[in-house]
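Let me give you the structure first, and then I'll get to my questions.
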Amino acid sequence: MDQQDPRIADLGFARVDVDRAARTGDPEVVYGAGKTPDQVVAILRALHDKHPERAVLATRLTPEALATIGEALPEATLDPVARAVTLGPLPTARGTVAVVAAGTSDAPVAAEAALTVAVHGAGVERIDDVGVAGLHRLLGVRDRLAQADCLIVVAGMEGALPSVVGGLTGVPMVAVPTSVGYGASLGGVAALLAMLNSCAPGVTVVNIDNGYGAGVHAARVARQSAPR
Amino acid sequence: MDQQDPRIADLGFARVDVDRAARTGDPEVVYGAGKTPDQVVAILRALHDKHPERAVLATRLTPEALATIGEALPEATLDPVARAVTLGPLPTARGTVAVVAAGTSDAPVAAEAALTVAVHGAGVERIDDVGVAGLHRLLGVRDRLAQADCLIVVAGMEGALPSVVGGLTGVPMVAVPTSVGYGASLGGVAALLAMLNSCAPGVTVVNIDNGYGAGVHAARVARQSAPR
Amino acid sequence: MDQQDPRIADLGFARVDVDRAARTGDPEVVYGAGKTPDQVVAILRALHDKHPERAVLATRLTPEALATIGEALPEATLDPVARAVTLGPLPTARGTVAVVAAGTSDAPVAAEAALTVAVHGAGVERIDDVGVAGLHRLLGVRDRLAQADCLIVVAGMEGALPSVVGGLTGVPMVAVPTSVGYGASLGGVAALLAMLNSCAPGVTVVNIDNGYGAGVHAARVARQSAPR
Amino acid sequence: MDQQDPRIADLGFARVDVDRAARTGDPEVVYGAGKTPDQVVAILRALHDKHPERAVLATRLTPEALATIGEALPEATLDPVARAVTLGPLPTARGTVAVVAAGTSDAPVAAEAALTVAVHGAGVERIDDVGVAGLHRLLGVRDRLAQADCLIVVAGMEGALPSVVGGLTGVPMVAVPTSVGYGASLGGVAALLAMLNSCAPGVTVVNIDNGYGAGVHAARVARQSAPR
Amino acid sequence: MDQQDPRIADLGFARVDVDRAARTGDPEVVYGAGKTPDQVVAILRALHDKHPERAVLATRLTPEALATIGEALPEATLDPVARAVTLGPLPTARGTVAVVAAGTSDAPVAAEAALTVAVHGAGVERIDDVGVAGLHRLLGVRDRLAQADCLIVVAGMEGALPSVVGGLTGVPMVAVPTSVGYGASLGGVAALLAMLNSCAPGVTVVNIDNGYGAGVHAARVARQSAPR
Amino acid sequence: MDQQDPRIADLGFARVDVDRAARTGDPEVVYGAGKTPDQVVAILRALHDKHPERAVLATRLTPEALATIGEALPEATLDPVARAVTLGPLPTARGTVAVVAAGTSDAPVAAEAALTVAVHGAGVERIDDVGVAGLHRLLGVRDRLAQADCLIVVAGMEGALPSVVGGLTGVPMVAVPTSVGYGASLGGVAALLAMLNSCAPGVTVVNIDNGYGAGVHAARVARQSAPR
Amino acid sequence: MDQQDPRIADLGFARVDVDRAARTGDPEVVYGAGKTPDQVVAILRALHDKHPERAVLATRLTPEALATIGEALPEATLDPVARAVTLGPLPTARGTVAVVAAGTSDAPVAAEAALTVAVHGAGVERIDDVGVAGLHRLLGVRDRLAQADCLIVVAGMEGALPSVVGGLTGVPMVAVPTSVGYGASLGGVAALLAMLNSCAPGVTVVNIDNGYGAGVHAARVARQSAPR
Amino acid sequence: MDQQDPRIADLGFARVDVDRAARTGDPEVVYGAGKTPDQVVAILRALHDKHPERAVLATRLTPEALATIGEALPEATLDPVARAVTLGPLPTARGTVAVVAAGTSDAPVAAEAALTVAVHGAGVERIDDVGVAGLHRLLGVRDRLAQADCLIVVAGMEGALPSVVGGLTGVPMVAVPTSVGYGASLGGVAALLAMLNSCAPGVTVVNIDNGYGAGVHAARVARQSAPR
């Protein structure tokens, strides 16, 4: 009977859940890792056809997948830094998420987080290159931090930025460790552990490089924080 | 010159920051682990004297510390399950945080989270004993989950509850792994890893047994989500 | 003297045990990883020649090995999703194993498990795309779970599915963690730890991505459970 | 409304699920770790009162809890080696589980497994002191292994016993690593890893020292394997 | 022949190297962990008798050892916070080491570092309670940091302080992770990894809680930096 | 407003801090890993243009980046062993750092350390091939070790060299573990742990393969140790 | 039938293998950890009664067990440093094992190794306090090292001693890491990893603190190396 | 002055120790990993020229290095399975080492061990395909095991073979874990831990895949055990 289930689109190689928004209010998302470019295109199309009025997001795309999507779906918007794509109109933004990144190497994760926030209906403020070894830049943006409804703080190496930001403001924060580093950074585990042990109260953490997860949480918080 | 700094109360064994609320809007908190009962009492008194109109929270208290506080500060409110104490009036609650716990062994962490939420100015809804091996109970509270402004989901062992709850609702969620388990639970690391790898989007995580951290984040989200 | 041992076929690069079925009742299996396509073909042939009336299974095959086998042994049955091959007639199926998979990324491991079950003489029931973040699908197949003689539950990321399935039914279950995930999934270790710590009683676990091992155990259970 | 739920017995400090048998066919079990002796007695009583015709099992009991139960519930059966207790009549045994242990230090885990099997309705055959460094004993019990419906193989240190047993027979097997060992045994992790990597096909594994989990799985297999 | 070696004092339970200063210029040090109070007293005496004009340091002393030493060697100077003792005159101080600590829980390690610096012939400047979540205090001591010849930066939890300090000044720095924290702090490993991955250039690190090692290195640097 | 900040050069793909020397006295450094050859060239040019009188260092360069820099910036000095480049005049050397390496496989890390020392204004003394399994060579250079102002000791595998050197001399030392080794060397973690646990007092450690970090620290120490 | 097996002595709480010497030529050994003093006495007696002409060894004894044995078996020889006991005449020594220890904290492990060697029939040469931070002592015993038939090298902390000794002589060597150390010594894992990665060829390693295992191997080597 | 040192051959890219045999009696060995084919050829030539009457061994060679050596040094003997080469006459063999391997995947490591034994002057007996899941083969070679002077036991996956062999014979044994396996074999760490925790007394262990190290130790033992 599942075959007839209108909540599922059966593409042969995958059975796509086209009903998620009804359950959680979130847009549809395609996790691109491990899928061929053609599979990503097919799933994007199936989701877009079902709900053309909503944005679909595809993440973790290879350069090949980005190129294939660019040709097959010219109406899609490509974000090469975030290695992601959106198809369909973005929702109206409510509330603001500030995406704060420590270094330029953290840019891909910060970009994935920012795009995810936009697709999930919140506004984005980008604050880059505010690593803890140069406090003057961070102190210079203190007001912008305080005005956000939610913060996403992205950092690799020793992962210290969330602690410092958390001492400057009481805005809800999600920290994202990145796999930037070498040797005993252990692929991001050092930053992850540091963030989990932050001395600043209220820092929550997502998986290494998981800009998407941070974006979903932050957008939810920002949207419900904005006056209606 | 620091000695004269009105933002610091010097107790000899500790220099207490009595100015935190001005910076982040949070109440003062005493982390009781590693302090003697008398030290906890002294710090509580110093903070309370400085701002008698606000609540002070002390966490991670030994039974001895709880007893000493009960005698020395009879106006304090003891919470033996949370191993915590509050002194001074709780703030008016704005918004609601649902604290969801998988098993009875998770009760101390859930209680610490709940008390922290209250001290930080949000309302608390407790939902206990909804482990994933008994889905009927969890499905029975689905509406209560959806009505909260933020969820705190507490679980030990395999840490699966946040994923299941995250599939039922789009309310912002903080997951708290507990050290409940044995053998390859590795003191809560198994649950922590599971939560960081949740297939439900938007799950954020705090350190093992860190009900306090989850409470701070969730209260901030709930307060700013509530209509003013 | 070993050279003359009829229980061993000496191929030069390997001495193949052609007597295993007599000891444990299991079919012969070739573990393809680390072997050249030609070596796999040679071993398959040696085992098939010895016992043409029984099925031989080869697993962990590269695309090249699959292609080479397809040409060299046209009577072989290729399963590209499982990256496996069988040669010779499958045994009559006794009993039923339900192979339950959380996501489409788990398909290769689930397919390896399913093919292994069939080669080891039990029937297979496939139940896909029943991740814990979408409970409605899982609850919809509850009866099919209960009717199986043994369950194989395949999941990556947080590895929560065995706990939820284990709360729905008392059928013997083997859980298979997969290496699906990123960052702190640690190549499947997160899912492995979660399954070892499942709060559902009676969940047993095999190595990461080890669909073959789960299939052997489950087929043995199913065959001896079926009325003769 | 839950308070009226006949499936739950509310003891104040715990809400006991008295309906589990109806869902999974398993007896009620009290996990004693972290509970006071009086709490264990209270829960045992509540479960026994609800279903006096069935056995209740309590595991991981301290010597104090065992003594308290012995006085408060004289009709209970104490098993000090297994650190466990049963209350109420054991079910009729169907099928046989052989519990195989490598050394005398593994006795508590083997005893917990054996008692769990009995409480879950299968017969038990104990085979002790058959470590791999003394193969003659193991080879001497080969027939007893082959006649069982399911094997539980308990071993610490290098955890090699399941591999050797798995080469001798094709009976379904659950391996239980124990925390016996020192230094780089890492509290049983060495044995756990060895068992997960067994070269014998079809070995499934439970958590370190988890005789209970192995017993549940094995009893289910043995019961459904026995002719009715 | 070793028995006659004047570089060794044979106490029966230990052969004490009384010649170390000649080789490396460092004072003699007794590592108290694992030694009885009487053994510590005996070794202190042997070293002091050999070179009464120099200071001897004993570290990692239990409260019992401190008390025993206090009685047996009334001329010794006890430092209960550092859990250490010195016997004999401190050398004249050359150069200055600033010992910077994040929180009050780091006090024992900071005190051990400070005392070690003094015993090794450099001056000490203590800067406490300058955690990264309260930057105003840290920024207030920036000049004191810059005037030191070497910095010892002590921090637990997420270990972020060395990175922030390293961005404020180019003074040579040794970072000391402490075991302060809980859950995924892993006994100080989180702080250790963070410090090894510091984005501030030139941060060197010693073992967890190793105030002694940091003190030796910093004193050597400070002494040779001071104008003669 | 940041765009106008004279302390920042905005290259589009990166915002380069051209003001670091003013804050810490260190030269500018480009971390080449993860940057394209053209990006490295652009950053080197921007930094060199801003301060042509100072040296700029670029590390962790691929062979492609080295070749591109060689063509685009013919005035740059290439160091292929160190995989690094300098542009602009080196500062006058003050003090001496001895860079000691255990084996030829450690050469790239030792070369990066040596070049970093030179760029940061100290003299360099190279001592190679003095592994602990051939003590005669090490003992033969004892005087050269003692005459340095700071030591950098580079070793992979078991990382024993710092302990042996530390027993020979009291010169301040930084140990650098390298990723040389295999199997349970765990990519340099074995050497890192050994160095953190050195029985020689005062050994400080940097991250695996981090010749740059060791060079910065050692140069600072050497410069301030030299008579002015 | 096993009960009648003359190779087994059944003591109720344990079935003792009294036939091991016939299989491997080794004496009987009782591993005392986890056994009560009375159990150790009973096993020692059973083994001694069976073969009064041979030595029996008991290791890992608590002070209580040592005291109980001293009273119950006055003919036993106690070794409190090794925490071990022998009963019955030692075999004639053939060949020599040099037991080399880095520090006084390694004494218990070195003593266990030395006693094991003696019980297994080889002569023992003790060389203590030859840590790598004081090479003069080690170089002074070079001839004694070279004259042994096998070396046991015991070290904690960074575990460097085997590499240095292995560079001085080609005598077969077993390295024993000890759990001496703190912080990132990880209970001896740092020393274990260092020894496994020794740059000196031919170093073999046993488990942390496993003086017994090293003693068995070294005694076997020494005995067969000695001229008969 | 080192340049003139006759114990060192300076090749520019490496300073080769040509004096090792005089110190330890071992032949010269070139570790090929990380060296170019031409570098290996040059070092082999330098060592061979110095001592043409002795064998030189090169290990860990890539296929390219093997081909280059085959052309440049036609008198060299290539061993492609061991990925190694010898140059110069092998020494006369004294004593016998049995190299025992569990599976065909362990062949490269076993071959490296065997060749190392031969180069170090002992005889080699190869015993392959005796995995613990097929005990009949292992029991069939029991006499050959007992007649060796030393055993090298090579196994991957669960690493159980040394324990079983160690129960069959008292010949000195070195165990070599291999990186064969997948998932939670963790690149050989599972087998390494199992061997370190072997219940058979006297098992010593070398690093993962370190056939060379095992060969050196075993050859030393065998040579000194053989009657002269």
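Going by the order they are written in, the chains are A, B, C, D, E, F, G and H; count residues from 1 in each one.
The definition used in the following text is that a residue touches a chain if its C-beta (ideal position, glycine included) is under 8 Å from a C-beta of that chain, and two chains touch if they have at least 3 such contacts.
Chain labels with UniProt names: A, B, C, D, E, F, G, H = Nickel pincer cofactor biosynthesis protein LarB.
In this text, all values refer to a predicted model and were calculated from it rather than measured experimentally.
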item: Distance in touch steps, counted as few as possible, from chain A out to chain D; value: 2
item: Steps needed, at fewest, to go from chain A to chain E via touching chains; value: 1
item: Duplicate of the A-E contact set - from D-H, C-D or A-C, the pair where over half of the pairs recur; value: D-H
item: From chain G, the most remote chain by mean C-alpha position; value: A
item: Rounded Å distance between chain A and chain H, as computed from the means of their C-alpha atoms; value: 51
item: Separation of mean Cα positions, chain H and chain C [Å, integer]; value: 36
item: Chain E-chain H separation of Cα centroids, rounded to whole Å; value: 45
item: Touching two or more other chains - residues of chain G; value: 23, 134, 167-168, 183-185, 189, 192, 196-197, 207
item: Complete list of chain pairs which touch one another; value: A-B, A-C, A-E, A-F, B-C, B-D, B-E, C-D, C-H, D-G, D-H, E-F, E-G, F-G, F-H, G-H
item: Touching residues on chain B, where the partner in the complex is chain A; value: 23-26, 29, 149-150, 167-174, 192, 196-197, 201-207, 212-214, 216-217, 220-221, 224-225
item: Contact set on chain H toward chain C in their complex; value: 104-105, 128-129, 134, 137, 140, 180, 182-185
item: Contact set on chain H toward chain F in their complex; value: 2, 8, 13-15, 17, 20, 23, 33-34, 177, 179, 187-189, 192, 207-210
item: In the complex, chain B residues that touch chain C; value: 102-103, 131-135, 139, 157-160, 163-164, 166-168, 181, 183-186, 189-191, 193-200
